[in-house]
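One chain, subunit A, links the two complexes that follow: it is found with subunit B in the first and with subunit C in the second.
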Partner chain A sequence: MSGLLASIVDGILVGSVYGMAAMGLTLIWGVMDVINLSHGALIVGGMFALYLIAAALGLSAYAILPSAVVIGFGAGVVLYWLAVHRMIGRAPLMSLLSTFAANLVLIGIGTALWGTVLFNVPVSLPGLRLGGYTFPGTHLMAAALTGFVAVVLYLFMQHTRPGKAIRAVAGNRVAAELVGIPTRRVLASAFGLGAALACVSGALIATMFPFTVLSGDAYQLKSFVVTVLGGLGNPAGALLGGVALGLLEGLVTPFMPVSWTSVIEFVLFIIVLVAFPRGLFNFVFRRS
Partner chain B sequence: MAALDILRRPFFWVIVTATAAFAIVPVTTGDVELREGLVLAAIYIVLASNLNLMIGYAGYVNFGSIVFFGLGGYIGVYLISSLHWHPLAASVAAGVVVSALAMLLGLGILRLRGPYFALATIGVNEAVQAFVSNFTPWGGASGIYISIDSFRSLGGPGPALWVIYFILVAIMGVSLLLAYGIKISKFGLGLLAIGQNEDAAAVLGVPTPLYKAAIYGISAFLPAMAGCFYFFKSAFIQPVDAFDLGLSVEAIVMIMLGGQGTVSGVALGAFFYEELRGWLLTSESFAHFQLVVSGALLLLIVTFAPSGLMGWIHRRWPATRRLLE
Partner chain C sequence: MTRWVRIAAAALTAAGTALGAAASAQAADTITVGFTVSQTGALNVDSLAQLRGFEMWRDDVNAAGGIKVGNKHYTVKFVSYDDQSQGARVQQLYTRLIVQDKAEFLFSPYSSGLAATAAVISEQYGKLMLTVGAAEAKTYELGNKYLFQVYTPADKYLTGALEGLKQKKADATIALVYSDDPFSKAVAGATREQAKAMGLKIVLDESYPPDQTDFSAIINKIISAKPDALLGGGHYPDGATLARQLHDQNAGIKWVTLLVAPDSAKFASLGDAADGISVPSQWAPEVTYKPNFGPTPEEFAKRFQAKFNTPSDYHSAGGYAAGLIFQRAIEQAGSIVPAKVAAALDKMDVTTMFGRCKFSTDPKSHGLQLAHEMVLTQWQKKDGQLVKPVIWPRSAATAPILYPIP
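Here is the complex of A and B:
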């Protein structure tokens, strides 16, 4: 029983990082109605940024995280102008395809540069021993940092001008333009913010697990599941959804082979999409 | 008789001629390499053409259409290798089962609009792939190998490849004719109406849930049959190849390249894309860049030429509109 509990707690810790990845996806989706299919590439970007900078400068992984934020933001803005800007307001298929095209290009360059080899960022952090089980220090740190980032994001969105501008554009783009908000710049920075969240979550995942250039796909799919659970455009829901997904994984892995967890995740994904289109948490908490 | 009106349309004969050319040219030249190249082109045309029924006609973007191909492949290969069915019977059975499953699934997910539907189809493909990877009667993650004996029903391994080639070309021809036939029928008119504005179509009396489920099921049938023959021909099937989401998206690129909603455009798009892909994979400098080139191409098409090759041809030479629909 206590083994199950330990698994669940660990699942919640890791799940919070999935939640942060999904926060980036859901932010972009909520603000400009674009599903970013290059999300996975951005996560991998964060992983490799951490790896390369750690190797080059020899700094501790956690000290490099702020640079992942900056790199992610820059990449997001560039991606916005190249692939997304002209697709705003057009049929949804167009932005799906353009972001997917960007994903193909990025992953293609990635595999050309680094192949499909496994990479690992060695991080040594003492774990926490509780009742015979050790919770990895990296997992605890990742969850703590995710909480920190979530709080910072909340404060940013609620109490700063740029944050309020993003919320205004998300609410009603035309009205925002009429009151003088430079919507294109705001959209670009919102995309950058979403990309930064993806990059940082990738960097955190890199501290916990080994990765390849192709790992982004799996985490992108998890992000979709989490976003759908939490309701699109709802960053708090995304965090909760991530924790819920982590909890589910923790619950399931002691009982069946690891490969079955993906089946359960995807079936859950489809069921939630069809039965709760506004997200499971919107349904449960009855928000409008 | 109204059904035979199609014989009077010039495009019908264009399709028949093209299919005949596919069948005859490799035979007369005896060129096996050409046959292998054309068989891949034929399969791509089948995939793209049937996907176009969903994307170009009904306006529902199926991102995971490869699941029909893969599942049809698995059912067909299993029937042939374990239960010793004849390949033709196996492929028809695969087509029927996958179509029926698609219609059933469609009842659930076709309620979703736009990007939600696209995501759901990705979810379906991943769920089926994850399931098959764990399903031991179908070989799990290692897949199923087909023994040489299974080819005896078609005359042995050598002749079997030719027979399979002709069958796949026939499936390609049927796909194109099906797409054209639907386009000029009342059913097709209803689908196009759904694609333009689903709610208005429903208000005007188009039975939208029925039509959507029907076209989703129809779009699964021929790819499932093609999948059965493709994997039978390869004598090996495994989940990673059968449910390759990348191939699904390449089918979408082919459709966009050629011009969504048109029959000839999609076929041409599939053909050119297959040639491009083959050239990229074998050229020295571009081998690793195949995905990059595909991605860049897709981005350019979506940004600057969303109506594709046929869109441009139809605008430039309006006379082709009747000839190459």
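Here is the complex of A and C:
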């Protein structure tokens, strides 16, 4: 097992979780043309939900994940009605500002409640040893769960009524309304779904790395990069984009100082924005 | 009518003057020391420990009647703000402390980076500042009049670790992985030179962003480089995370010395991940310094534990020592005029519970701490519990060096 291969594999594992975070962002973007700047706050929300519930109930972190989904969905719906509902259809700047404001409020409340100290969820899972390198058990579990969630999401979007309704509203809202789909409720649940994905990815990140109330910004930034890589509004692309980003990080790190990784990522970001505005993976999946 | 008005005006003026005199007499009997604390942000854990040191000194000195200057006794008053671990806030708040709160003397914020920022402001306004929790030497090489460093400078931090390592394995290879902040970079720079001089080869030399939480890629790089020892780290959050992830990834390095983080009592919560990790320390409760004044190390440690219900560490000891040194300087100067206090500090060569203290008077490095020394402590399991004895220098050691670490 060479160092390079270990680095790449680990990059892919962690990248898939970033991909799931981006899935939430890109779903909301694709369905209602809203760039959710409170995405980072939702990720942190998931981290804290995991931490607090694990501490209160003493359960294993992974048993609490379904509750992160529920909390995320609820938070998303509330956020939609408070901050986003009236901004749909208006200038994009309005929803940007409104979700940004929501982000500031949420992070402010979080800082007031928990300060900015580092929190850690102790999760011990045996890792996988290959050669001299160990793949942490938490990384493996997180990637596996991400895959599971992605499959569930796909089945939901393709084969259930609510999922199809979301796709219909994303495709053509007026037509969807004409055929009797309750668009406002669908938009709210789509936002809730995006928020739930953000929350779950936050919870999974919390099982792997320590976090503070302010950690959301870094992951939100990564989500933007991944979203652009995968193509706006394309959840499957987002997952692939996350994996690709992780792969890139793993490929680059053994050869240059770690601090250069973000530089490479953002140079890639600019290149993709300019040369492939519809994302690298948009050609793989037909837009529904 | 006008006669009554005139009498009333005279009475009011008299009353006002009397009150004013009383008020200024009150104010004349306090010394205001200003500083910022990182109540929030990454430096929070270490900064609060330092604050507790300050507070314990203030409470001790006020309980004893205040600082004695000639016939007068000055009560010590603190004015402090939260700098959120950010340089920009330090800039604003120190200006406010000096201009608005009229702080007569200053302590620095915790950490070399923030102290350097505060030093710019304190020197601008000609205010005397004792820097605590700040080890970077460059701050004192920029030409200053009123800066005084309590901590041992950064370039001496890992000397003990290198010497101990050399004793255990003369041809040990080293991975130097450190946080990209002024303090850690200063330590790393000095360590690089010293390792080369000692004939120890550095096989990996890298910095990481201070807010890094995912060390898996770096750890894989470390494993690939196959070093005998890992030296580096930064402050508490990254150091603790690095230690935990090294353990999770079975890095199997025989010697790990990290800066700052392992010194906190909180580090023990890492359990097995903490076992064997050593940390250069400005002070440890077991040191056997014999102070010229103030409590002994043992007395300090005991009273601190009783007062705050948490063990003392070098951050809190440093804070307390800063207060002691400051108090001593004022008493020796017999005045609270900054220039006279500075002169007293320049002449000072004393030992407190923290160790020896002597400041450089060379204009090229004014205020640099010359006499204080570092110790190396290591987490070791004793009867199943994690304890942190001193392992270097051997003359001050209370336990054998554990090598290779578990």
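Keep in mind that, in the parts below, the second predicted complex is superposed on the first by the 281 of 288 C-alpha atoms of A that agree within 3 Å, B and C clash if a C-alpha of one lies under 4 Å from a C-alpha of the other, contacts with A are read in each partner's own complex, and residues count from 1 in each chain.
The criterion applied here is as follows: contacts are C-beta pairs under 8 Å (C-beta built on N, C-alpha and C of every residue); 3 or more make two chains touch, one makes a residue touch a chain.
Everything numeric here is computed off the predicted structure, so don't read it as measured data.
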| item | value |
| --- | --- |
| First, second, both or neither for A:Ser7, with subunit B first and subunit C second | second |
| First (subunit B), second (subunit C), both or neither touched by A:His159 | neither |
| Touched partner set for A:Phe224, first subunit B, second subunit C, both or neither | first |
| First (subunit B), second (subunit C), both or neither touched by A:Pro257 | both |
| Subunit B versus subunit C as contact partner of A:Leu97, first or second or both or neither | first |
| Contacts of A:Thr111 with subunit B and subunit C, given as first, second, both or neither | both |
| Set intersection of subunit A contacts, subunit C complex versus subunit B complex | 111, 257, 259, 262 |
| Sites on subunit B touched by subunit A in the complex | 55, 61, 63, 108-109, 111-112, 114-116, 118-120, 122-124, 126-127, 130-131, 133-134, 141, 249, 252, 256, 288-299, 302-303, 306 |
| Residue ranges of subunit C touching subunit A (in the complex, touch as defined) | 39-42, 44-45, 84-85, 180, 206-209, 211-214, 216-218, 220-221, 223-224, 236-237, 240-241, 244-245, 248-250, 252 |
| Contact footprint of subunit C on subunit A as seen in their complex | 3, 6-7, 10-11, 14, 111, 115-118, 120, 127, 129, 132-134, 136, 138-139, 208-212, 215, 218, 249-250, 253-254, 257-259, 261-262 |
| In the complex with subunit B, residue positions of subunit A that touch it | 35, 82-83, 86-87, 92-94, 96-98, 100-109, 111-112, 221, 224, 228, 257, 259-260, 262-263, 266-267, 269-270, 273-274, 277 |
